[in-house]
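Letters A, B, C, D and E mark the chains in the order given here, with residues in each chain numbered from 1 onward.
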Amino acid sequence: MMEKSQLCAALTTIVPEAVTVEGKQFAELTVAPQNLRSVIGRLKEDPGLSFDILVCLTGMDYGTDLGVVYHLRSYALNHMAVVKTRISDRENPAIDSICSIYPGAEFHEREVYDLLGIKFNDHPDLRRLFLDSTWGYPLRKDYKDDVNIVLK
Amino acid sequence: MEFSIYDFSSFTAWIDQSLRASMSPGLALAIEMLIIGVVILIFYAIVGLFLVYAERKVCALMQNRLGPNRVGPGGMFQTIADLVKLLFVELVPIKNADKILFSLAPYIVIIASFMAMGALPFAKGLHAIDLNIGVFYLMAVSSMGVVGVLLAGWASNNKYSLIGAMRSGAQIVSYELSVGMSLVTIVVLAGTMQLSEIVQAQQYGWFIFRGHIPAVIAFIIYIVASTAETNRGPFDLAEAESELTAGFHTEYSGIRFAFFFLAEYINMFIVAAIATTVFFGGWMPFNVYGWEGFNKVMNLIPPFIWFLGKTGALIFLIMWFKWTFPRLRIDQLLTLEWKYFLPINIVNVLIMALIVLLGWHW
Amino acid sequence: MEGKQIMFAVFAIVIVVFSIFTVTSRRILRAAVSLLMVLISTAGLYFLLNYQFLAAVQLTLYAGGIVVLIIFSILLTSQLDHKFEVVELKKTIFSALAAIAGFIVVATTILKHTFEADTTAATEVNMEVIGKSLLNTGSDGYVLPFEVISVLLVAAMIGAIVIAKKGSPVKEEKSNK
Amino acid sequence: MKSVIEYFKGIYNGIKSLLVGMSVTGGYFIKPGTTLTQQYPDNRDTLVMFERFKGEVVMPHNEKNEHKCTGCGICEINCPNGSIEVIPTTEVTEEGKKKRIIDKHIYHLGMCTFCGLCVKTCPSQALAFSQEFEHAVFDRKKLTKVLNQPGSKLMKGVE
Amino acid sequence: MEVKEKKVGLENEEYIINMGPQHPSTHGVLRLVVALKGEIVQRVEPHLGYIHRGIEKMCENLTYQQIIHLTDRMDYLSAHINNEAVCLTVEKALEIEVPERVKYIRTIMSELTRIQSHQLFWATFGMDLGGLTCFFYGLRDREKVLDIFEESCGGRMIVSYNTPGGLMNDIHPNFQNRVKEFLKYFRGVIHEYDDLLTGNVIFQERSKGMGVMTKEEAIAWGLTGPTGRASGFSCDIRKHYPYSAYDRVTFREILFDEGDVFHRYLARMEEMRESMNIIDQLIDNIPEGPYTAKMKPVIKLPEGEYFQSVETARGELGVYIVSDGNKNPFRVKFRSPNFVNLAPLNLMARGSKIADLVAIGGSLDLIIPDIDR
């Protein structure tokens, strides 16, 4: 098991285009959307890191821009890393799918597409998962639904 | 040894004669047929109601429950209450179903089971018709019920029903072989197909004891295969409720559903009754050679009590199967038949023929 | 009227009516069910004639076996709402003529023949006799045709299995997509 | 030869495993004492729920028809589903001061998820869970309850 | 882009049936669109959302204490463990050390939850395969665990026992005796589970070699819990990232290599025994002390992001909380195990029979509210 600082150092050498963020719970990288797939691919393939599991894929709405957060874990080496990306286009957000790297991402990405409206390029089967097409994107901060959401 | 302290043939002959004396033979025949029909119908209904109740109680006790206990003493009238409910339940019309075949199917199933009832010997002289091909007739009649199941599955216009019907068809057609072959084993031993003669031949020992190991094997195969033929668990693939909701009778309601339900229990009774007749001496009491006092007491018990008692024990065995085992898959079901039962059965028949030829049986 | 005659009339009517249904029904499964009724009634006639063995064979093989197979294959191949199209008038006329011609031939034969009342009492055929003659190698034995048919049936069955087994199971296509 | 042995061994083991299973169910069949069925509602009188069972929220009153609720509204704030509504009113005390008391403490049982936050956070322990479990009613309106009894007063010494 | 119902017939050999949303074997309102060829499954497509309640959205308007009761309703069979996950995340964010007593009780409760969940799995799995008696035996034993919960927590299934910083109230004085009684009882009857189902030849035939996931596939799809461990993927959070009192006990991680239905089942059976061992080690050593740490009435997490995983009865539950410093979280994400485990269903079931699809679905032990959230 690597220490977090060691891991951060290793990450910067392997993925130099990503920005390492210090002082977080896990080693954290911020990536531009166009680099995302190659970065995650390298994180998985590199034998010193071998992030074999996509633990969690979270769609975020930061208010101004949208984002996707990837929690990667290596059970073999017992370490975790977080990869973040931000998309500033709220109207037509799109990002590369990582289904080809982690097949398990398929449902996660469909969920994010369903609830936040982020499109994933090259996703094998991008459809809404829970809701039908008449719904908006409920996890966005500006989503309004006066009938179903009653705030006290 | 004397078994005929209860002989019903004189009783039936007396009815026949008194009827013929007072009217034309044609009318007498018609009235006799009517009487037999009504008697069998009543017996049918009673057996059906009782078996449904028995099944509930048996499975409840096996599952640490009480089972029905509210309607009547010990819940005895629960099935009657259910029957009344089913009679008043709406017959839900099915969209796009073939209505004629849809309503016809339950009747085919129930008629097939009804026809078998007539040939069963309940006691000496107490059977509607004593065909000289009795065993063969029973098999022939029981093979017709599957048509009703197939029609029900098809006419419901439901995909689950259709799959259930197809499974049921494949299953019943295959297992009929095993049922037939295991009965043939005993027919070889008895040398006759007439049910009354088969029973009579067991006067000095039931076939399951007299026929050595082949008879036991035949019995095991028979009881398993007939469980499969009656579509009961663990062979209830046709209605497998965790896969096909209710299979071929998914769309049925009310009295039509009751027919399917009743036919299942009556079929169970029939297969158990055949096994009783063929393997366990029918209505013959249990006698042990040399124990005269014991035999006298046994002989005092009326034969139909013996018959129903043995049948009941076998029915309990079939129920026990259902409430213990998980269900088989369709291909395993067919593998069991074609890879295990059929070859074993064929060898078994040959061994039995050898035993009979060499006179090794008791 | 004797009871037997009543029963004969019932069976005859059922056979005639359901035969007509069988050929006129536009739904294939209903035709099959009508055929089943015809076959069962035929078995009933055999029972009436005390040909119990033949009746049971009729029930097992035709009602329980062949009709089930027919229904089975209908279930496999056709759809519930499928109906046959109405046959053209020309074809109807032609088949009607053919049927009538056949009927005339049969009717004239029956009318010309003088039936003698069977004086011997109806006897049940002993099963042992049937069994022995089925497996008899003598001049009136059936063992040769019996075996020939067995071989033929086995060949047919093997052929059917070979044809049915053509498709390969999908499991082999399983891949990590 | 080996496959033949396997074949019969398979049959033997299979039958044995089936008999083992049948002995379990058969064992229970002949032991009717193991029955677990409860004869509800016949045993209603003897049925005792655990004291912590979260049946429904009640406001205990003492024999003088007094409760402990000061109408602070903390339960209302803490309720995640909005199943509690506190309608306060003011009362003039003996010293002539205005004091906030409850007019109605409304509890919507139909919306309650029994998280227990209201009971836990109540500063004066005015709320409690009752062991009542028969909640079924024919009219949904009956699920809305007023917890303080009519004419009830705040218990002395509770602020 | 719904799957179009195609005409059945010779010209198109695909036969499409809808399993669910009302179907006895989908354990809830899951809808599987199954394309069949004869009895053989060509394609399975899960259609979700029948009980989507938007828990993640609801959390954004609730305080951290109030979130707890929502997590009960995700995977309702691991209610206690779900509670614990949120509590651990909040405690980690606030950097609070909870009392030892709380850690022990939480661990015991989690393991009891796991046992009752697996008991229900056994019961329903037996029923999926047509063995109806299993259902009653499984539920009979589960009642005993639920009674323990009810006595201490006040709820049977939906316990809401945890709260950030500790527990809602202390364990009932009877708790230890009852747990010991239960362990003694359950050790006495667990052999029935094996007699009735595990050893049964029909059951073994039905489950062995069905729905195989290799280790590589399991890792690629991120399968966790008994489902992943049956494939040989060591993914027990309790071992890898111990929380609560798991670092104080010794237990075995159940690993198999086959990855079929039977071994997924077996993994759960073994886990029940292992859970009993864990409880054995803790039940007599619950330290005295307060049942909750000192907490402010209004919890505000410092700005930042927090992630915590726990091992529920079905796999890894990850809680990802993003806080902007207010009393409500900015974003909550639950990485629910069932959601991930459902994804490769198509891969597992392709080429098997309908009955196998039921068995495979049952062996994943899916809880639909956890998928839909």
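Note that a residue touches a chain if its C-beta (ideal position, glycine included) is under 8 Å from a C-beta of that chain, and two chains touch if they have at least 3 such contacts.
In this text the structure is predicted, and so the values were computed from the model without any measurement.
Common neighbours of chain D and chain E under the contact rule above are B. Between B-E and B-D, more C-beta contact pairs are found at B-E. In this assembly, C is the chain whose CA centroid lies farthest from the centroid of chain E. The chain with its Cα centroid farthest from the Cα centroid of chain D is C. Put simply, the C-alpha centre of chain C and that of chain D have 68 angstrom between them. Between the CA-based centres of chain A and chain E the separation comes to 24 Å, rounded to the whole angstrom.
The mean-CA centres of chain C and chain E are about 58 angstrom from one another, to the nearest whole unit. Residues of chain A in contact with at least two other chains: 103. Annotation for chain D: residues 18, 21, 24-25, 36 touch two or more other chains. Each of residues 8, 133, 140, 196-197, 200, 202, 220 in chain E touches at least two other chains. On the side of chain E, the complex with chain A involves touching residues 1, 48-49, 52, 54, 56-57, 61, 92, 219-223, 233-235, 240-241, 304-307, 309, 316, 318, 320, 322, 331, 333, 335, 339-340, 342-344, 372.
For chain D in complex with chain B, the residues that touch the partner chain are 11, 18, 21-22, 24-26, 28-29, 32, 34-37.
Considering their complex, residues 59, 62-65, 159-160, 163, 167, 233-234, 236-237, 240-245, 323-332 of chain B touch chain E.
Residues 24-26, 52-56, 58, 60-61, 69, 71, 75, 78, 80, 82, 102-104, 106-108, 111, 115, 127, 129-132, 138-139, 149, 151 of chain A are the ones touching chain E in the complex.
Listing the residues of chain B that touch chain C in their complex gives 25-26, 29-30, 96-98, 100-101, 104, 131-133, 136-137, 139-141, 143-144, 146-147, 150-151, 153-155, 157, 162, 165-166, 169, 173, 176, 191-193.
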